[in-house]
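Below is a structure I'd like to ask you about.
In order of appearance the chains are A, B, C and D, and numbering begins at 1 in each one.
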């Protein structure tokens, strides 16, 4: 592999990791603070992508889709938390896994009923419909660069919110010790609702941003879900920073796995996860 | 019997136990006292293997056991109880003790368990024979503490580590436990962490005062009572 | 008492199906009983030891593939030879995967087991030499004829039930429950809990291997889809629907799911939503599963 | 003797009249089992096949050789792990006269295992696994769709004629992709071409960037790929986005653009593929079929629907030869073997291995539509490796 190709592949891996990070960040927040293993996170990603397709097909604007879709998905997240997740905080992981798995089945049917089974393409905003040369032979669409930048921006924003705001302080406190937060007189119910909505919105945002890149199809949430779990676990549950490095690791190992060990590429990511956990049983940040 | 040598345990920047070297003589009751956060429970957890020492050594009968797992230490004769009654709520008293006694038998997958004389003795010793069939969760708190000690005894330990065995008990119940502890300690070594100073001074053979993760003073109850340093650092702030 | 009587009636009813000779019911109930064995074996981990494993389908699949390999490449067919080899293979895999995964706890344990399942799935799915995504046939099957296979499965179910009952009432079983309730306490009492958990993991994995063996023997077909996390998830769902922490719960769950899958589809095209709603309802309102209902009446 | 749809329909009408007289109202319904995906990734395919089968039946007055039809559909979820139970449900439980389906090859393999034993008359309506009409071929198993070989082998010739000598292969690493590549390679190397790299992408992953960079650095004459469905949609967009479309021409088995042209948009322009059907095939049958399908379902017909459509027509023609008596299996099989129909895809008959003998067309995406450039291989017949029925 030539040096320039190597550099290109690193770029590919990082780019793949960034989008994965956006999905995984919501998952790790919910996981870390609420203690809930949310299998429906992938469904929120999928619904986000479908909304992006549906609204942008109607209005011709992806931006409009994001502006309308995010509040819709945040409300959906709020409802799901109130009606189902809130009853699980004191229950074991098995119940959480199964309840959210049940939600996955329901959301899949919802998608079928609302949008049908076809594969749809979503066009990138016209403003970004140009390409940037990358080396001599390959180009990158500007939209791909934009999503990568958007992911970095969201990551930076999240960092600011978590480190600098009152909400962020509560989230951090909740992640380390939920009982303590309660003892400090913070309304944990509200905090949890808000956080779950935020997590849902993050997943949906990731789906919307990804829609022009990935196309929109049934079952798209599940592939992403399993990979995000890998990211979260590698990073250490509840750690945004860990999720970031986990996403990079997964993105890079998947990219290089495909190029160097094509026969074992799929197993690669899981092997990396197993290896990380055998050395650090609570993830990179744990 | 049990010795520590420059034992340390850090949590990040905080040294909860900071260079503790102690020797616990066999057949005696040793009390660990000190203000909250002095590192007593941490020290106990280090001795029982539940926490790993950052540095330093623990020796049991001269053998280095610093990084042994809790179950291995238990099989070497160290039994331990916790700050709150730590019993199996769903099981009856007899079953709890019986289960504890099973830890000494080899792993048995298929055979039915017979009666275990050790378990019976432990139940008797703790005065729970008449309450044997009652579910642990339905016993009074004092009885649960008795049961916990019975479970430890069923593992036939030679050294007992007890973390605040009197915590949360009324006067009468505490008296009962103190009597029980005296009885139990007859042929065993005992290290206990306790806040009830009357109880400590009445049953302990030696008292060790920990402050800020270090040993401040060590001696007979009389000597400790008399120590000015202890008074200033500890007894002054917290009424015995 | 009532429960025991009901179970005996159920066992006899299942036995009676074997004498009908009806090819549909033989396979249908045969599959259902394999589901029972599979779910019971997982319950040993989930319900009794408190270990939520997503690797369970791996042992099912390994044993099934071993049978295919033995039959196709070595001409070994007789259950006397193949069953012990397949079970040993599943047990060995369980030792390795269990030993590695049990170093993690809680959610991390769930995720490591998921990683191993996925690794095996892709290994078998991507390797044409192992049949690839199309799977493999078991050219010669250990049991001649459906009726023989059915009775073999029935006997296996009864034996597994009896063995698990015995194990759970032995000191070992009590120790597992103790570990689920409070592992730290069990350790300080002197139980080498990692070893107990590993033994439980291996027993469960071996029994899952038995289920996989029977499945391959019944249908003569193995496929990587048997490894996937969806299969592991499905059997978890079975255990929870039926009621974890009991032996009859998983049996109820497996039978119920088999029937719901069969008839639910005729009821509505959105039958996956039906199953989703059922799962959610059970989690929220019947935390002890269907077995909880039976207990309530006891 | 291939005969046109019109004379064929005329014959049908006559024989319907005849059979009604013979069997009257006492004739039991014909039970046709459909083992198809109605949920999951392939649900759209399952629905199209089903609707086209019903459309064909409707064209025949809802009856085949005078017998009313009872459709028994089972959602196979494209899950091979559940396949044996689902097949058992249809064959032993529902006691179907004729089994049709599935889409997924893994499910087809499970199905083959059972139908070879049970001798149920089976018509495979999509899955292209070579073995179905190769190693595992059986007198009671027919296929109305294609074999993987048929969709890829002819493309080798097309590429060589276009002057592409050094190519990279890229495919989803599962049996469909592997078999397509093997067939292509066979034809391509025989014709003097060189495969400089084979890139296997784990199925069903849709992250292609790493491999696109590889292709860009290899600079081949062209790339031949196998992807389908959502993966195909994404691949084609990524390929164009990477700026490769204009530098390295893209070829593929027809599934690369089938059913996903809308999702691919302008990215698909210029891609050449080979397949036994194209939406724009210019013949009367195709126009009539597409109109009828659109009217009945509101959706555009596609290659999957064609297979369903032909299944019912072929079956009807054969059943008429045996007066609707599906239990006379030997005669029914012989009748099916003799069936010649004018399908929307062109002339259609079964080979000795019971796989379709059909034209394979070269298609190119022009203006968002699939334009037919010509016939890549006329009356393409699968080599049926390992089939005992081919002497």
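We take it that a contact is a pair of C-beta atoms (placed from the backbone, for glycine too) under 8 Å apart; a residue touches a chain by one contact, two chains touch by 3 or more.
Please read all numbers here as calculations on a predicted model, not as lab measurements.
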Mutual neighbours - chains that touch subunit B and subunit C alike: none
Contact-richer chain pair [A-D vs C-D]: A-D
Maximum centroid distance from subunit C, chain identifier (CA atoms): B
Distance from the mean Cα position of subunit B to that of subunit A, given in whole angstrom: 48
Where subunit C and subunit D are represented by their mean Cα positions, the distance between them in whole Å: 37
Inter-centroid spacing, subunit C versus subunit A (mean Cα positions, whole Å): 32
Junction residues of subunit D, two or more chains touched: 39, 173, 200, 202
Multi-chain contact sites of subunit C, meaning residues that touch two or more partners: 122, 125-126, 272
Interchain pairs in contact, sorted by label: A-C, A-D, B-C, C-D
Sites on subunit C touched by subunit A in the complex: 46, 50, 52, 100, 103-108, 110-112, 114-116, 118-119, 122-123, 125-127, 229, 233, 236-237, 240, 244, 270, 272-273, 275-280, 282-284, 287
Residues of subunit C touching subunit B in the complex: 163, 166-167, 169-172, 174-175, 177-178, 181-182, 184-193, 195-196, 199, 203
Interfacial residue positions of subunit A with respect to subunit D in the complex: 2, 4-5, 8-9, 12-13, 15-16, 108, 112, 116-121, 123, 131, 133, 135, 137-141, 144, 213-220, 223, 254-256, 258-259, 262-263, 265-266
Interfacial residue positions of subunit B with respect to subunit C in the complex: 48, 50, 69-72, 74-75, 79-80, 82, 86, 88-90, 95, 99-100, 102-105, 107-113, 151-152, 155
Contact set on subunit C toward subunit D in their complex: 22-24, 27-28, 31, 122, 125-126, 128, 132-135, 137, 218-221, 223-226, 228, 230-231, 261-262, 265, 269, 271-272
